[in-house]
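Below, subunit A partners subunit B and then partners subunit C, in two separate complexes.
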Partner chain A sequence: MKEKTIVSDIDRNVYDIKDEEKDAYRIEEGLTPEIVEKLSKEKNDPEWMREFRLNSLKIYNELKVPEWGPSIDGLNMDEIVTYVRPNTKMSAKWSEVPDDIKNTFDRLGIPQAERESLAGVGAQYDSELVYHNVRKEVEELGVIYTDMESALTGPFADMVKEHFMKLVPPTDHKFAALHGAVWSGGSFVYVPPGVSVEIPLQSYFRLNAPGAGQFEHTLIIVEEGADLHFIEGCSAPKYNVANLHAGCVELFVGKNAKLRYSTIENWSKNMYNLNTKRAKVEEGGKVEWISGSFGSHVSYLYPMSVLNGKGARSEFTGVTFAGNDQNLDTGTKVVHNAPDTSSYVNTRSISKDGGISTFRSAVVITEKAKNSKSSVSCESLMVDNISRSDTIPAMDIRTRYADVGHEAKIGKISDDAVFYLMSRGLSEEEAKALIVSGFADNVSKELPVEYAVEMNNLIRLEMKGAIG
Partner chain B sequence: MSKNNFKINTIPSLTWNHLKMNEAEVEEVQVCPDLSEVNEQLPETITATEMQPGYASDIKGGAGEVFDSKLKSNIDKCHVLTCKEGVITEAPVVISVNFKDGSVEGRKYVIEAEANSKTTIVTDFSSDDGAKGRSCFQTLIRIGKGAEVTLVQTDRLSSDFELINDVGAVLEEDAILNIVHIFLGGSNIYQGCNIVLKGDRAVVNKDIGYFLKEEQDLDMNYVVIHEGKKTECDIKASGVLEGESSKLFRGTIDFKNGCAGSKGAEIEEVILRDDTAHNKTIPVILCAEEDVEGSHGATIGRIDEDLIFYMQTRGFEEEEIYKLISKSRLLSFCSKIPDEDIRAKTMTF
Partner chain C sequence: MAESLLSVKDLSVNVEGKEILHDISLDINKGETHVIMGPNGAGKSTLGLTIMGHPKYEVSKGSITFDGEDVTGTDVNERSKKGLFLSFQAPIEVPGITLSEFVRNALQQRSEKRVKFWDFKKEVEENMKLLNMDEKYLQRDLNVGFSGGEKKKAEVLQLLMLKPKLAILDETDSGLDVDAVKTVSMGISEYMKRCGGALLIITHNTRILQSLEVDKTHVIVKGALAGEGDGSLVGEILDGGFSRFE
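Let's turn to the complex of A and B:
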């Protein structure tokens, strides 16, 4: 009989370190008009934002929880704290960030990454940014990278008002409405016409408080002919109570502009990740989504591209790794709404140790999108017999002048490949980890090398104990 | 949903509601039993009996339980055709149904193919010119060990007639089911189909062809459930949409835990010939078993550029190429109809 190797779950030491909540301001649990009013007052919102929040709450109460995805019964909004402000102000120097918070980001390697390979960094701790800085030479190009609260009241206030939740309106779904009601934190990025930001900007979101929600809003406007790579990272320590992440990302990609948005998501496995991301791409523009989903207990995540100008393009490259006690429902949506647009979707999902991964997509080609092309490819790997992997791709084509291709495959790790690698001296576990890393290389090869290494480490750690 | 409507063809795993692909909604009408003109050609080896409307309720169709219960409560009997163990029936069973104007009908057949038998059933749906109405038709099939059933169903309905056609089957070890569906006529056609590969090494092959024009609407829900080990399914759908026609293809391969060694493949090729035609496709794979191979693919829109180029070098205009390819696809499906008379009528419909 085959002997099973039992190895405990992923070593998440670096992500699981919990800080004590010292003098942090916590709003009371639950979701009522009074709490939303209080939050709005706490954040000195302009009047339009106060009204926007209250209207969003009304919509939230009217909308139903989606019945088509993973269960979110374990999430009780009456027990979620929607706003936790750390006891510090946002700073542009790491030395001014309180030691316990700075140490957390140090362990996650954020300051080091900033020194070595980033043009700017925003670090959010619970509901507020604690650090924000952008390199002087990037600032001199006219690039704005700041926290959303400052943007809301600063010189770009009108631009924020014009774009805020216009791509993802609160009526979109229940958790978009929730976001509209209680959002806090996040980043605003503006890249002027023709400016190319050579090295990436990064925002890192850390949720430390147990039973809390994080609702950051990211708004990026890349003007005509400009170019930006934005990286987003997320993590949280594991608690026995449910945490919630319902962020919102809105990307406006101008004519002939290019935006690459990379995410490595590694939330703890008590997290409900109900995030919404959407991009609108104008004529000749391009959006590239690079997405690695590793953490959270339940995820609903489908970055969406609206190709609104002639010749606009989108690429989505994703990997999802669902392990024990994880139900990750991920994928993408593309709407071709102009002639000569094209989209390319390439995803991999891996299910292991009872994990459930679902690839869900929608490609819509409207009557306006003559001569458009779309190609979708998704592959799924089942590592054992107790996991689950589903693919649910939808295509809605409304013009004869379209070329749409779709392919999907599901299967297991090839015994021959494992045997070959073992014959070259690798253990079974190493062989499988190597094969899975190779399987996910569609994403890792698109990431900056430091992040690709981190992703492969995550896969290696997740694959520990996968043999048997 | 309107008070008098009900849902059918619900996909086994739901997706975003705004896509309007999760299910179809049909208006509730009171059906009357067996008023149409039905011509049955039964080979001598087939035994025909009548049973209670709820007979074979363990076999589920793809249209759904609401449809099942509504049909059951609106018919007074179920027609059972049995092919005895080990009997090979060479000539096909032919059921020709011609609907009259105003028909609102329900009819249910159960096919019992006992172990090691072989049967072919052809069902042809037609209606009088200008006839308006709706038919609800259900075929449930139980296929014993080593038995083989081929079910061919052709739709040649007039342009105002609606059809809800439901198929359900359960296959035991080494059983084979071949299904050929050809959709040409009718206003609104709803096709449900649910196949359970219960026994080890059971196989289902499906060939689905549709050629829609004007304002025709076709809504399909094909589901194959792999329960037995080393079971196989192969679903091929192909069609042409013209005018303002619309079509929704739901195709689900569901690998249940324990179906080790199973394989499932589905592929769809759709040609849109007019800019007002509307295609929806949702090919789903659900998988709870490690040792399986599943795949699906779809190509939608225009004919491959290389093929167009090749044909143009042979002197064909683009419009002619589309007509030629469409016709060749129809002929390839028609060649699978074993009854000569129905084959000829279908080819010239």
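Let's turn to the complex of A and C:
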């Protein structure tokens, strides 16, 4: 067979479009209490938030950078401009959005996505919500879907204060503290008791300015018996300066409520993605995480579920794709803290061109969690001989009355399967892309069709060097 | 005068530095049906895979010419596009890709044109009916959890859909019950009728040959050609075994 197809440098044209910087406002580089004060003032924070930020900064300065995962030595915090605000006000009308921003959104398909029956668009461009539109029918149900800044001062201000960074406190780790100090943008969703939101809500995050970090905060509260599907998708253009993403997602799932949280993250290949996501599930409630991790230089991502009420459930379905010069450390954590709780984890990871993909999980079953069940299954696929895949599952079980299972499989792409597909006329690239997207179908079959198509396109892009 | 389709000349093949096929030559003309027989481990499947272009089998000597072109060094997908087909002895299971997606994808890659979904659906369903295959297999992952018989039928379905000029059938009849052999055999003769193709059949028994007229039989023993004859040789071997060739 002739030499292997060269796919190391992919064409990311569609995703790596950057607009000329036209920022109305930009804070100087580096992080000091003065900068945080200034940021807080600019954002018209309530007093408690100003204090929260300053306190978080203190914690940030006291905590050490984690040393147990991939190296983040390439990340220079002094270079990160923490706050970049586009020169446009919040807008509910598409026609009022400036043209260059519109162009970028057009290329990412935002208006189309909205047309295609998605409930609302809260698209984050740089650090603030530019375009926000919730369909009437969702509002009529009493559902609140707004940006975090408005939520802080709006009619739900007390609820935000009560929940903000309670699941992920700034003391959790250094980047949670950083987030607490400089967070900006993000979504707030409140679903009242018994309300079932039929169409998924989606938000699209994107980084634009060189050297800009992104610290969006997502807070979702789904009340008793309510039901919501929230979709978050990310894509960022590529720059030479190290980029940092330290967002935070907090999900509160009430009694017998259900929340599905789907994410396709596609960061540029210089991004340090240090994101923290956590859900607390009450009695009989259920959280479902669907998570696709693409792009970034280094990722630490372990969405966590705390099953806090009797019979609470969690499901985690994930796929991670690590290519050249990528070290993606992803997985999940589940804490069973009540009887009859159950968790199910099913992940696939792919590594290629020397990429490193590590699956890390932790299942904790406390003494209170009698008759709990947990099943963890992770599979890894290495596309070539120079890539790496590791599995690090941890279990901490404090009761004898629990049913815990773990299954791990690591394998290489099968030459025979490639040959078989090629013998019907498929090219080597096409055959491998089919096998890899087939491998990732645990996630794609859980996504709405337009997202599944996007994910398959991403896999093809990563496998072949262009969208076919 | 018969037109040559496949010409294998003095072919020797190495695997990991060891020669396992020695100086094999055979010629197949358009419209002909050839049979390869031989004891287990004689190198029959290796010959099929080498003609198809499996990278594990290194051609150390000789050449393979298909439809007037030397294809010895070309990739398997190029050979496939030129009209070569191999029905696998053990079809590979590929999770996450449905049979329908795969066949349509293959058709599109071969023609480099979009294949209209309704045209495809009509044709594939017709062929499945012929093969007595449940349509629900179209939506199942390629060969995953298929019985031995269904896997072989799926191979013949691909043969009927892709319409190659020459099909190598590697024990397409093994592991099938009597009815399934009959169905598969019918599918193969249907291919010959429709496409006027050619066949190279690797087999252990005659049942699959019942509805076909065999033009030539080749016997391979220990990696080398040990005998040749017409269709009647198949019956002789089934009665007398391979001892006279060793």
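We take it that the second predicted complex is superposed on the first by the 459 of 468 C-alpha atoms of A that agree within 3 Å, B and C clash if a C-alpha of one lies under 4 Å from a C-alpha of the other, contacts with A are read in each partner's own complex, and residues count from 1 in each chain.
Heads up, the rule we're going with is that contacts are C-beta pairs under 8 Å (C-beta built on N, C-alpha and C of every residue); 3 or more make two chains touch, one makes a residue touch a chain.
Because the structure is a prediction, the values reported are computed rather than measured.
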Item to complete: Could you tell me if A:Ile410 is touching subunit B, subunit C, both of them or neither one (first, second, both, neither)?
Response: first
Worksheet item: What is the contact status of A:Met49 with respect to subunit B (first) and subunit C (second): first, second, both, or neither?
Response: neither
Practice prompt. Examine A:Arg400 and indicate which partner it touches, taking first as subunit B and second as subunit C; both and neither are also allowed.
Written response: first
Discussion item. After the superposition on A, what does A:Leu421 contact: first (subunit B), second (subunit C), both or neither?
Written reply: second
Item to complete: Between subunit B and subunit C, point out the one touching more subunit A residues.
Response: B
Discussion item. Touch test for A:Gly438: subunit B only (first), subunit C only (second), both, or neither?
Written reply: second
Discussion item. Just checking: does A:Ser380 make contact with subunit B only, subunit C only, both, or neither of them? Give me first, second, both or neither.
Written reply: first
Worksheet item: Shared contact residues on subunit A for subunit B and subunit C?
Response: none
Worksheet entry | Residues of subunit B defined as touching subunit A within the complex | 13-17, 19, 21-22, 255, 257, 270, 272-275, 277-302
Discussion item. Under the stated contact criterion, what part of subunit A meets subunit C in this complex?
Written reply: 1-2, 414-417, 419-428, 430-431, 434-435, 437-441
Worksheet entry | Complex contacts: residues of subunit A adjacent to subunit B | 66-68, 360, 362, 367, 380, 382-385, 387-412
Response to the item:
Counting only contacts in the complex, subunit C reaches subunit A at residues 52-56, 75-77, 80-81, 85-86, 88, 91-92, 94-97, 102-103, 105-106, 109-110, 141, 158, 162
